Structures are given as structure tokens and as C-alpha cells.
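Lettered A, B, C and D in written order, each chain numbered from 1.
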Amino acid sequence: MIELLAATTSSLTSIPLGITQEGNWFLQNAWLIPLIPALSFVGILFFGKRLPRGGSELGIAALLAVFLLSICTGFAWMDHRDNFHGEEISQTIINGEHGEHGEHGEHGEHGEHGEHGEHGEHGEPSLAVVNTATWFVTGGVEFSVGTLVDGPAVMMLFVVTLVSLLVHIYSTDYVAGDRRFTHFFAFLSLFSASMLLLVISENTLQLLVSWELVGLCSFALIGHWWEEKDNSNAALKAFLTNRVGDMGLLIGVTILFFASGEMIPDSFGSFSIATTNTLASSGLLSHSTLLIAACCLMAAVMSKSGQFFLHTWLPDAMAGPTPVSALIHAATMVVAGVFMIARLYGVFFEGFSIGGSSINLMALVGGFTTLVGACLAFVQRDIKKVLAYSTISQLGYMVMALGVGAWTAAMFHLFTHAFFKACLFLGSGSVAHSVHSFDMKSDMGGLRKVMPQTYRTFIIGSIALAGLPPFAGFWSKDEILVGTGGWGIMGGTNGNGSYTFMLVMGMITAALTAAYMTRCVYLTFFGEFRGHGNPHESGPRITIPLWILAVLAVFAGFLNLPKGFQLVPESLQERFGHYVEPVAGYFPKISHATPSWSLAIISTIIVVAGISLAWNYYFVKVEKASKESGQSLTELPDGLTTRLTIARMGHTLLVNKYYLDHLYTGIITRAVKEPIAELTYRSNQEILDRTVDTVGRTAVRVGQLNYHKIDQKIVDGFVNASGRISSDSGEELRKIQSGKVQSYAAILFAAATILAGLLIVIV
Amino acid sequence: MLLNQFLILSAVLFSIGVYGVVTRRNGVMVLMSIELILNSVNINLVAFAAFREAIPGEVFALFVIAVAAAEVGVGLAMVLLLYRNRRNIDLARIDSMKG
Amino acid sequence: MILAFERPAIDWHAVAPEIVLLSVGVLITLLDILFLEKARPYMAALSGLGILATAIPLLTLGIDGTERVLFDGAYVVDNFSLVLKAIFLLAGYVVILLSTNYIVDGDYWESEYYGLLLASLMGMIMMASSRDLISIFVALELLSIPAYLMVAWRKRDPKSNEAGLKYYLMGVFASAVMLYGMSLLFGVSGTTVLSEIADSIEAGNGSSSVMTLGIVFVIAGFAFKVSAVPFHTWAPDVYEGAPTPVTAFLSVASKAAGFVALLALIFVGFYELSNIWEPLIWILAALSMTVGNLVALRQTNVVRLMAYSGVAQTGFMIAPLAVAGHSLTTGDQALSAIITYLAIYAAMNLGAFAVIITLARRTGSAEIDSFAGAFHFAPGLTVAMTIFLFSLAGIPPLGGWFAKFEVFRVLATSGEAWGYLLAVVAAINSVIALFYYANIARKMWAEEPSENDLKNVEITPSLVSALAICVLVTLLFGIFPQLVARFTEVSLLAFAT
Amino acid sequence: MDNLLDSWGLTVATFSPLVGALVMFLIPKEKEYEHKIIALVTSLWVAFVGFMLLIWFDLDATEKLQYVVDKSWIDAIHSRYVVGLDGISLPLLLLTVLIVPLCIVYSWNHFPDPKNPKTFLILILVLETGMIGTFVAQDMVLFFVFFEVVLLPMFFMIAVWGGPNRKYASLKFFLYTLFGSALMLVSFLSLFFLTGAESFVFSEIADNVVAHTVSRTAQLWIFGGMFLGFGIKVPMFPFHTWLPDAHTEAPTVGSVILAAVLLKLGTYGFVRIAIPLLPDAAVEWAPWIGLLAVIGIIYGAFCCLAQTDMKRLIAFSSVAHMGFVMLGISTLTDFGINAAIMGMVAHGLITGMLFFLAGSMKERYHTLEIKRLGGLLVQAPKMGWILGFCAMASLGLPGLAGFWGEFPAILSAYNPANGLPVETFRTFMVIAALGTVLAAGYLLWLLQRSAFGTPKEEFAEDPNIYDTTKTEWIAWAPLLALILAIGIYPNLVFRATDAAVDASLTPCLTIDADKSTHEEIESAHCSEVYGLSDHGPDDHTASKG
């Protein structure tokens, strides 16, 4: 099948890419899915005002159609995954001088023999369906656009369309009566279109294009009420931080383009994801270029998915309407970064050499973000800010999972997280809708009696988020912890590497998550109602999506029951992993940790401990204190952290991470004087935010300096100066014209004699 | 051998004439100095013509004399005009146009 | 010893133009004496017709095309001299058109003016053909003396008076210096005919310092005539003082005459001694361009500005001479470049002066500020003036650019280092020049007129025809340069070798 | 029809605006309506001719010069009237032919203050002739003449109809560009004389440069002259100071034409003359051009951040954009130069639109002080969103034309032609990528301060802030549609330029054969590539297809 050309210097071989062009109708033209919402965007933009329901019905119809389409694509993919034996496409490459990496050598041969024997335990190969068309040709390089439908793509299609549909329905009630109702729906469908385009994009260029379109829509939607200055500020900040990340993406894509160019004969390079991944995972691209490319792409992920030091825009993005926060800043857009890592996993796996090492940049960033997000979520007054920081923390979880090689666990967590986080956000939206404020401490409390539906869905969502069994959160978080390679009795053996440090961080965050969710539930739904006015339950168009999401939050977990789970027949285990994880040339060979009972139990115990600790503090002590003082308190006046020095020290230690980071940004913080709770919050907002603003302002000042000093004075000055010199010298020369005829005669004669003298002497 | 003396004489005359033109303030004096210069040229021409037995030199001198006459006529008319307008013929004073 | 005086064989056809012009001049003077007041109105028309009449023999000589040499080499009628005679006549005709009703106001005696003008023209035409020291000197004086009188034309106006006297004194002094040079030249070479001087130089006695002194003094004399720096000091005062048509005449015709003499001397006379006159001309060219332009920047009076612009343009015209000695071909190219520049410069400058005269009649002053807002009360004139100014500056598609282009071409291809240097100096100067030309144009276009009576300027038919000729010539040479290029393919060198 | 167009097409396109101007010249000043009609009809006629040229253009032989007319013009100086159209100049010609009618429509009933529509429209038509001429000229002297012709009308437009400080700005613009073109002329001349070619036609000179190799130092000096000449026009970093003044003072239509087309003359000069004719010097100069381009990007961005006047900000933003175009050119790969031409077209459309908007806002607010603006979206929503759309296009949002100008330029900077220092170009790439972030910064900051927020009390109830009028819609709709169309399907431009650029680079610039797709790089005689058979003294050769 592969003719190994004899001894030519650049011998041409071909490597299987794990993609095919046949596949049933749905898989073939998945490009319809992004097209329909795009058309609806145009429709709403032009005819929205004249439609009876202000364009929202056009949006919902489009999303419904697309949701059905993606379900069909899902089923088509499942069938394709199980029984497809069509012909596989391979890419001819120059392999002479690069030489095979040591331990990957045998994998190479295996590939070549084409019978893909023991491709990991997931059975025979899953071939992604690719359908490309040439977009344009410039400078001998052919840019193509197309769709690549495989496991993760189908999963994401399902999640995005579902959540987007629910958010559409939800916002018909939430945003009703807004001045720019049509405008809102137009941008919602544009957002869905670009997100869907991103999900099924076949090459990195298309990924880049949709990546920035998604950024644009988030800019427009966050700044929906752009009358207030801080809304437009938040939108601007979101877009600029994304742009910073995009710079990384731009450079990463360029490096990958040209790196793959060296390998493919007579072409400058190729953008296609399948080729780049296959080349990377079969060790044909040099490790250093992959490392640089991975770091650049990592920058993009950190800005888009709100990882540690580029996350400041996400909490501010809560200024946008809540359905936007639910859709964009919980379920879809922020996950784009994680999806990009999953999509280009070959590059990251090789770049950060995830298999076999105990620490790498991605895992570290992920772990650190989970911890930081969790701590910050603790001290928020605004309910949406709590959920925003919890999103940051969960995203950190996913990135950490990818960092440790637990690919399926990360994708599964993404899948479940989308549901319960959207449910929580929409729940908080419905609460805020009735209370007309987001501030838990001053305007909420005791809403369980008044808003039963929202209360119950919120409870389900927070339990799922905390990760108590049998809810979805438990299964996905447990998978990740197992994936980190376990530690002693915790099991989770033969993972990709012994990431014990990540395991510890994961455990602590699980506890913290449980704690702050309990605090949030108590402050909003228990105790007495602190706000004014009379809150009431929201209408059906809000509660029904809440219930759908709550149900999904409960049952989504069963999709990926771990291997050894005897309660259920073998065929039902690991369904999610089986269908979603690609087994093909373009996916690296990752090893799957064996699930262990002991780890599951310990993690549940930790979560329960977290809940009980918070429960005891709030439901017992604060309840008693508020009964004694008669007004509903939100925290004990002389709380644990203020009394006990050790607790205060522990807390400041957590905060100190900031100082580490703080020192890293180089600006010394103000002296610590408010109670610890205020300090943590203000330290995050003030310092990090201000660094971003000061960077902006210094740029402006440098601009001013540059403009006034250099541009006007020196460069422009030089031009005017030359003008002035010529006119001044003109003035002097004018003086010799004295008007006296005899001086003229003298000049004439003097000149004649001098010239004569000169010429006689010299010539 | 004789030629150099003539050349020196004409050079001397020439320089005196030039000095006269440049320094004298009286219009008529300047005209006279110009005549001096022209005559020095004549001497030069005649001397060379004689030395080289070349007739054109003589003819040239004649032409110079004739033209000099015409020039002086015009020059005196100009100076007269100046006197009628300004009541003096001091060349240093006529500098209304300058720069 | 043959004493009988046998009549030298004169080729009447060759001297026909001179004769016709002489007779017209004499006729006018006679008419003036006989009919006094009655003849006044016809004087201008008659002299115009006279000039056109002299043009006829020129055409026949042109068609005939043979080179005629009279008085054994002293007086030559070849296509070089024919082209230049045509330029002189055309310029003379336009000057007459300019001065028809300019001279009338101020009730000076009009007819004499035309007599003097024709006499001066006669001198110029003679200069074009003269190839020997004596005839050059006589032609020079013949064209200068009437010019002195024309400059002092307005007897009662102190300025005209002062200008006249200055021009006279400087003119005579310069020609005296030139004469001294000529005498030395004669002394060394023994003959007055330029071709024979060239032979004697070739024969080897050209290297003496006396010869250098002679050459320098002769070139200095003519440098005065073409107002090259440092001999230009007379030009601004005389231009300002003299009546404007006379200034136009001086700036174009007498300058051209100066050039003709210079070309004849250098190309026919001492072409071999290029190591003497090339550096001299180089210095003159560089100085005139730079000084002319720089001082022009500061001028407020448009006539003085035209004087300095004239000085700068002279710098451009001399420039090719600075590399002419490099080789025979460069010599020819330099000659044709200079003549092209002369022809186009004549048209541009006369046109500009025509506009200045018309506007001065209305605004009464020659200050540049009085030109402000001309667009509003004299749009036609403004457009014409813009064409002339930008043509002087060398902007395509107007004539000036082709003239400058030829000069640049000669400098660039001369292959000598300081040829390139001069080209760079010329490039910088053309940018500086553009500044004051554009300044006037902008003042005319963009500013508000000072007083607000917007009545249009009444333009006499003769001025209109003068303007038309100049605009036509400038545009024609700009768009179809090969017209002028074909005419100026003349060469003096063929004669010299 | 085909051969009529073939022989007369380009000459008609170039000179019919002049005819229109002459006709208008004869009509007295008062009849303003007739003037407007004639101007519009002439420009539409030229647009129609341009469109016909596009239709009959043989798209799969874009590298060959088509509609070639080759007559002798000035024999004395061996310059010939040679005009031709190939892939590189087609898009730019169409851009010109599109922009001018839109400008005439835009200024239909609001001419700038010294109301003189007759002369204003005549100047626009003369400008159009100059611009079209420059893009079709294939002879150096012809190119130089048209290059100068463009200068004069622009000078008068700024000088007569400009803002308060117009005297200084117009003269500076005129002198600066003239100085540049003087140097350019000197380099043209010396190239002509050194190679001893017998005519000024580009292909002729390109052959001779290849034939008897002009010494390297001479090539360097000549390229230096051209670099200065074109660099000033682009404008490149140190020579850009004329642009902001010219733009702030120029009337709206003036700065639209200046931004949309005149800036392209410089870059077009590089692509058409400098690089194909002097390949070795180009390789020598490329890193420096790259350096200046990148500095331009960052320097322009910083200056934008410091601006208080909107129009001046847009002017500096075009300095930054042209930086990207020059970066594309400096890579000397056909990938980079394609990006540069796309960048030119995109910048023309987008910045043209931005200046239209700035003009309309100046009409409404009578000031462009960003501090006093605000709440445009509240008072004039449609105009606000168009400003948003253009800001997004300008910062290079993918899916709009701007992106396809910047991204391929950055991509090509990663892998410049051989002989160029790869590391330096990769650092240029990173800096350029940083430039895109700064671009996003200043554009969105402008958008936020002028469009978002609530209108200042000074203009809160001002009736003068009306939304886009009909004439503005007619003028702007084609531009907006094109920006979106090129954004979604960039092949509209690349289809034409790809082969032409490849041809203009390959024969004269040695690209290592094995990498590039054209194995058979025979040392093609340049004139074949340019599709010009050796022209007899005066015969007219129609070498189509």
C-alpha cells in the first residue's frame, strides 16, 4: 500500500490521516448547521422590526431547525462510528531527513500496516467525515473552507444548539420590552452561527475566523446596553483581552502552517487540522516548533476561556444581559478555548509532552485557575459574579484535565458543565428578574418560599456543580481526578503521568466549590428576604428551560459510566468516551486511567465535608445569630476568620497567591486594612484590573509623548526647518543688493578678477 | 621687446579707469574713467596689431573709438536727465531701489 | 600693388533679413520726423508688420537650408543663427504687442520707442550670425545702447531714470571689461575671426595665462548680459525701474542675445580650452541657480521676483554648458538643450510679463499682495498666469518640464562627476523655485481680493493676442515637445572641427 | 466590440474624464446643475468602460498585459505611449473607477464652503485621469507624467477648499511629494541611461537590467531613489508627516480620494516598477523596508492613541494600515505581494468609508473633537452602526475585507523570499501581530467615545444630527457591500492578482526552484511575460490572450 521509494534523498511516504470523505448525508453537509442561523441573523437584521414578535420567532425557528439537524448528525455519527469501513485518506509527506522519534517508531509502522490493530481499548478506528471546498488561491497557496465532523464536533453541536435554543426561549421573556429587542436576537443568532462554524471547522484558518467572530458577538452582546459607560467599558475590555489572545492564535496558526509546509512536498503549508495533528502526533514536526506553537495557542486559550491572569474580563462581562452570560459566558464561547485544545490535541500532546511528565504548563495553568476561581467565588456579593468565578474555576478543571491527558474526562466535564452552569445562570437571571438586582447580601434571601421552581432547579444545579453522586457533576469531576494518575490508595493507575499535585488541587477545589455554592444558596434562598418590593415566580418561558437543563444536569452523568461499574451491562459503559474520543491518525495515543472506587468515595467525602462546613457556618450559626438580632444577617459579625489567628493566616495564605501574582505584575498593593473578605475581592478587582487599565493609559501617554515630541517636533520640525533655512539665507543674500551702482561695478570687476585668478592658478 | 611696455601702459590705464569708475561719486567723472578704460583697450589692440602685423586689430580699434563716442553721447544725456530730476549727479545718492 | 578696390562679393540673400529690418527701422524714423503727430497711431502696427516682413526672408533661407559664410568666416548664416533670429523676431513682435497701449499713457513721444526697439532687434539679429570679435562687439553695442535709452524711457519718473543710468553705467563698464578681454584674445591669437582663433589655439598657444584672463573677461562681459550671478546685481533694479514691456524685452531678447554670443564664443571660439571655461560656467550656473532662487523667496514685488527668477532660469540655461566640453556629442546635446530652453523660456516669460502688465494696469501696483484673489476678478488671467508659473517651475504637461528635462538629460548623461552634482543642485533648486511660483499661484487662487470692487480687467486686443501666442507656445511645447526638439537640432561644432 | 475595446479601451478610460472636464470648462459657473450632471455622466461612463474592460479581461492569463496600446510619443527622449492592463493594475483601476462616481454623488448637494462646484468637479475629473493613467501606464515617463498630474488637482483641492490651516498643509503636501517624485525621476533616468535601453517601457528596461547586469551599487542607489519617491507617497514611517496635515485640512471628498487611491500609487510603484526591475537591490533593501513598515504600524497605532481629532486619527490609522501593505511587499514572495494588493484594495474601501463618515459627522456636529462627540448610536443609529461596521473592518476582523489584507501579510512575513534574514522577518511578524491588537485598541476606543454612551448636552437636542440621507446611502452602499463581499469571498481580488504577481516576480527574482510550484522557471525573457512582442517603430500590436 505504501511504496517506500528506494534511496532518493527526500523519499515520499504517506501517512493515514484518519479522515474520510464518504459518510451519510448529515455528516457530509454539516455546513448547513452554521448557515441557517447566519441567514436568520440577516433576516432579523433587515426584517426584524416588521415581524410580529420582533424577530425572536425567526431566531427560535432557526435554532430549532439547527437543533434537530444536529441531533440527526449525532445519530448519523454514532452509526458511522460503529460500522463504517470506507476508504481512508492519507497525506503524502517527505520523511527522509526528519527520522522517527524513538518510542514512536513502532507506532509509525503500525500506522503504515494499515490494520490499526490495538488502537487503544476503544475498538476499531473512528474516521472523521471531511468535506472541503477551495475558498481562494493566493501566492500558490490554496485556502480551503470545510467541515470536519467527528466525535467532539457532534457533541459540541448538540450542546451549543440546545443551550442556544433554551436561551433564545428564555430571553423572549427576560429581554421583553427592551429598546433593542430585535437587535439582541440578531446578534444572538450571529453568535450561534459563528460558534457552530467554529465547532465544525476543518482548518485552523476557519477556526481563527470564527474565533474572532465569536469575540465580536460577545463584544456586541456584553455592550448591549451601551448607554452606561461601564457596560461599554466591560465590552471593550472583553474584546481587547480576546484580541490579545487572538494575537497568540494568529502566530500559533502561522507557525503550524509553515511547520506542516516543510513536511508536505511542493506546498508552502497547510491549514488543515487533520494533517497538522497527524504530523504532530506521529512525531514528524520538530519538538521546539510544537512547543512554541503550543505556548502561543495557550495564550489564546487563556484569554478566551478566562484562564488565570487573562480572566479579569469574564466577571466584568456579567454587565451584559443574563441570557447572554448564560449562553456565552457559561456554556459556549468560554468553552471554545478548551474545544480548541481538544481539537488540536496532537499539537499540545507533543508540544507539552503531556504523556510521561508530572507537570506541564497546561496542567499548571488549569490547576491554578481552578483554585483561584474557587477562592474568589467565595467573597462575591453579586450572584452572577459568584457563578462567573465558578465558571472560571470549572474551566480551569477542564484545562487541567486536558493537561494531564484525561481527554474524554475533560470533554465530558465540558458537556455536563454546560448544562448545570447554564441552569444556574438562568436561575440567577430569573431571581434577579423578579428582585431587580443581583446583590445577594442586600436584596435577596428567603426566596425559596416565593420562587419554588427557580429554587428547586437552582438546588439541582448547585448540587450537580458541587459534584454529589448521582448528579452529572460527580461523574465528570471524578473522571478528571482519576485521569490525574491517582496517588497511593486513591487508585487511578496507569494514567498518562503521575500528576499528583494536580490531584490535590482538584480535591481542594471540589471542597471549595461545594462550600461557596452552599453559601450562595443560603444567601439567596434561605433566611429572611432582605430586599424591598415583592418578588414573584418567573413566567413559564423562563422556568421550562430551567427544568430542561435541571433534568439534563441530573441524567447527563450516566452517559459516561466508568469502565468497572458493575451495576450496568458492559455495553452501556463509557458510551460518551466510545463515541466522542476519536481513534485515528490525527489523535495522539493517550492511555486511559482505570477508574478506582476508592478515589470516587474519597472525593464524595470531601464534597460532603465542604457542604457541611458551609452548612454549619450559615444554616446553623448565621441562622441563630439572625434570629437573635432579629434582622437577617448574611455572616457572623465576629466570624471564624476574624477571631482565630490561624484561620486568618490560612486565608491570607490563599490571598498571598495574589501577592505572588501581584509581585509578578510588579505593582505593590495598598496596605491591608479592611476585613479579609473585602480585601480578597478588592485586591482582585483593583490590582489586576488596574494593571490592564494602566497598560492602556501608558500606551496612550506613550502615544501622546510619541506624537507631540517625536512626530511634531523632530520629524515635522526637520521639514519646516529646511523651509526656514532657505528663506533666511534668502534674506542675507538680499542685503548684497545695496542699490548703489558703484558697489555693483565693484562686485562685477572683483568677481571677474577673482575668477580669472582662480582659473589661472588652478588650471 | 617693445610690446610689453605697451601692455603694461594699457594695464595701468585700465586699472586707473576701473579705480575711477568705482570710487568717483560724480557722474561725469565716472564717464571719463570709462573712456580711459576704452582707450587702454585701444592701446592694447593697436600694440598687438603692430606686433603681429594683423590689420583686424587696427580695424577693431577704430570700431571701439566710434562706439565709445556713441556711448559717451548717451551717457551724458543720462547724466543730464539725472541732474534735471535731482539737481545733483552724486551716484551714491541714487539708491532708491534695493534688496 | 593693386590699389583698385574690388567690391567684396556679398550674398544678398543671406543678409536679406538684416536689410529688411534696417529699412523698416529707417522708414519708421523718417515717418516720425515727417508726420509727427499724425503718424503716431500707426507706428506700432507698422513696426509689427516690419518684423513680420523680416520673417519672410528668414523662411526662404530656412527652406533653402544651405550654410552661407560671408566676409571669410566673420558672418555666417546657418540653421543655428536662423533659429535664433526667428526667436528674436517672435520675441520682438510680442514685445511690440505688449507695449502698444502701455507706452501711450504718460504722453511720452511714442514713435521713437519703436525706432529704438527695431534698432535693438537689428543688433540681436546681427549678433546671431556674427562669428568674429569685431562684429560681436558691434552687434552687442548696437543692441545695448537703444536698450539703455528704452530703460530710461520715462524721463520724468525718477525710478526709470535711476534704472537707465544704472543699466548704462554697468553695461558700458562690462563691455569695457569684455573689450579688454577681447583685446587680449586678439593679442594671443592674432586674428579676430573665431574659427581662426580656434585654429590658433589648436596650434598650441592656447595655454598661456593671458589667454585665460582674456577668456574670463570676455565671458564675464556676457555673463553680465545674461545676468548670471555674481554679475546679476543690475537686473533687479533695472527690471523694477524700467517700463514693464522693456523689462520683458530685456529679460528675454537681450538675455537671448547674450547667450548667442556666449555660445558662439565657446563653441566656435575656444571649444578646445574646456578646462578653463567649464569650471567657470559651472560656478556661474550653480551660483545663479542658488542665489537667484533663495533671494526670490523673499521678494514682495512681482517684477523683482521675475528678475531673480530670470537669474535662476539663466542658471538652468548655463548648466549644460558646464559639461559641454566632455565630448562632441555632449556638446551638441548641450547646445540644443540650451536653445530649446531659450525658446520655451521666451514664451513663458513673455506670457508672465503680459499677465503682469494687464493686472498692473488695474491694480496699479506690482506688489504680489495686489495679485491676491485675482481668481475672482480675472479668472482667465489667473489660469494663464498659473500655466506660465507652473511651466516656469517645470511641472508636466506644460512646456517648462521639457526644457528642464533636456537640461537634466544632458547633465545626467555627461558622465562627469560634477555633472551629477550640478544635476542634484538643479533638482533642489527646482523645488525651491516651485515654492515661490506656487506661492503666487496660491495667492491668486485661494485668497480674497483686497478691495471688493470685482469689476473685470479690460484687456486690449493686442494683449489678448500676445497672451494667446504665449499660452499656445507653452502648451504646445509641453504636450508635443518633438515640435521644438526638431527645430533645435542645430550644431555649431560641425563648423568648429 | 472586443477589438474596439482592445485598441481603444484604455485610452478612452484614461482621457474621457479630461474630455468631460473640458466640456465643463466651457459652461459658465452659474449653471451648477449642468456641471453636476456632466461630471456624474462622465464618471459613470468611465466606470462603464472599466466594467467592460473587466468583462473582456481574460482572467486565466492575468500575467499577460492586455489591451496593450503601443505608440511612439516623444521620440526625442525615446519615451513611448504604452498602456496595458494586467492582474496587478486591474483591481486598482476598478477601485478608482468606482470611488470617483461615489464621491461625485456624495458631494451632490453639499459642496465644501467656497461654493464653486464647477472647478471642484473639474479637479476631481482631472484627478481621475491622473489616477487611471498611472495605473495603466507601462512607460516610465508616461508613469511619471500621470504621477505628477495627480499632484496638481489635489494641491488646489486642499489649498482652496481646505480647512483653517490649509495653506501650510497644501504646500507641505505638494512639496513633499514633488521632492519624492523628483528623486524618482532621477532614478528613472539613470536606470534608463545605465541600461542603455532604447525606450522607457518597463519590460524593455527589465530585460536590459537582466541582460547586461547593472552594477550592484548602482542598482542600490537607483532603488534608493525610487524607495524615497514611492516611500513618501505610501507614506512610510519617517516620511509620513504630510499625511495627517493633508487629511485634516482636505475637504471630505478630497481626503476620501487621497486615502482610497493616491496612497496606492506609492505601493503600486513598488510592486510594478521597483521590485520587478531591480530584483537584486530589492533583496538588499527588503529588510529595511520591512523594518520601516513595522515601525510604521506601531508608530501609527501609538499616534492614533494620542489623537483628539477623529479625522487625524483615521489618517494615522492609514499610516498603520499601509505599514501592513509594505510588510507584505517587503517579503518579496508572491504570497506577500498578493496580500499587499489585497491590503491596498481593502484599505481603499474601508478608509474611504471612514473618511466619508468623518465628513458626514463634521457636517452634522461641525466638529470632529472626539471629546465633544458621543451617543451617535442614540441620535443617528444607522450611521452609528455603519461607523461600527467600518471600525470592525478597519481593525481587521475576519469575515471583512481588512482581515485579508493583514493576515496573509503576517503569514508571509513568517517565510520571506530566500536571501532575506528569516529571524528578523519573524520578529517583524510578531510586532505586526501586536499592531493588530493596538489597532483594535484605538479603533474601539474611538468607537466607544463617539458612538456609545449618551450624547453630550451640547448636541443632545440638536436637530442637525439627522441620520444618513439618501445621497449618502447611494454613495456608501456599494462600498459597504464590497467590503463584506471581499471579506467573505476574497478570491474576487486574488483571482486577478495571483498569476500576475507570480509572473512579475519569478523571471527576475530567483526563487529557489524546488520549493515553488513553477518548476519550469526558465529565465523567461521579461517582455514575453509582459506579453509585449518587440514593437516596431510605430506598429500597433494587439497581443491579447
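Keep this in mind: a residue touches a chain if its C-beta (ideal position, glycine included) is under 8 Å from a C-beta of that chain, and two chains touch if they have at least 3 such contacts.
Being a predicted model, the structure only gives us computed values, none of them experimental.
Peer 1: By C-alpha centroid distance to the whole-protein centroid, which chain wins?
Peer 2: Checking distances from each chain centre to the full centroid gives D.
Peer 1: As a quick test, compute the distance in whole Å between the mean CA positions of subunit B and subunit C.
Peer 2: Centres of subunit B and subunit C (C-alpha means) sit 26 Å apart.
Peer 1: List the centre-to-centre spacing of subunit A and subunit B in whole Å, with centres computed as mean CA coordinates.
Peer 2: Each chain reduced to its C-alpha mean, subunit A and subunit B end up 100 Å apart.
Peer 1: CA centre of subunit B versus CA centre of subunit D: separation in Å?
Peer 2: Going by mean C-alpha positions, subunit B sits 67 Å from subunit D.
Peer 1: If you average the Cα atoms of subunit A and of subunit D to get two centres, how far apart are those centres in Å?
Peer 2: Each chain reduced to its C-alpha mean, subunit A and subunit D end up 39 Å apart.
Peer 1: I need the residues of subunit A touching at least two other chains; which ones are they?
Peer 2: 734, 737, 739, 741, 745, 749
Peer 1: Residue numbers in subunit B touching 2 or more other chains?
Peer 2: Residue numbers touching two or more other chains: 21, 30, 91, 94, 96-99.
Peer 1: At least two partner chains per residue is the criterion; list those residues in subunit D.
Peer 2: There are none in subunit D.
Peer 1: What's the complete list of touching chain pairs for this entry?
Peer 2: A-B, A-C, A-D, B-C, C-D
Peer 1: For subunit C, which residues are in contact with subunit B within the complex?
Peer 2: 133-134, 137-138, 141, 145, 148-149, 152, 155-156, 158-159, 161-166, 168-169, 172-173, 176-177, 179-180, 182-184, 186-187, 190-193, 236-237, 240-241, 304
Peer 1: Give the list of subunit A residues in touch with subunit D in this complex.
Peer 2: Where subunit A meets subunit D, its residues are 135-141, 208-209, 212-213, 216, 219, 223, 226-227, 229, 232-233, 236, 239-240, 243-244, 246-247, 250-251, 254-255, 257-258, 261, 266-268, 696, 699-700, 702-708, 711, 715-716, 719.
Peer 1: In their complex, what parts of subunit A are in touch with subunit C?
Peer 2: My answer: residues 723, 726-727, 729-731, 733-734, 736-737, 739, 741, 743-745, 747-749, 751-752, 755-756, 759-760, 762-763.
Peer 1: Within the complex, which stretch of subunit B touches subunit A?
Peer 2: Going by the criterion above, the answer is residues 18, 21-23, 25, 30, 91-92, 94-99.
Peer 1: Would you tell me which residues of subunit B are touching subunit C in their complex?
Peer 2: 7, 10, 14, 17, 21, 27, 30, 34, 37-38, 40-41, 44-45, 47-49, 51-52, 54, 56-57, 59-60, 63-64, 67, 70-71, 74-75, 78-79, 81-82, 85-86, 91, 94, 96-99
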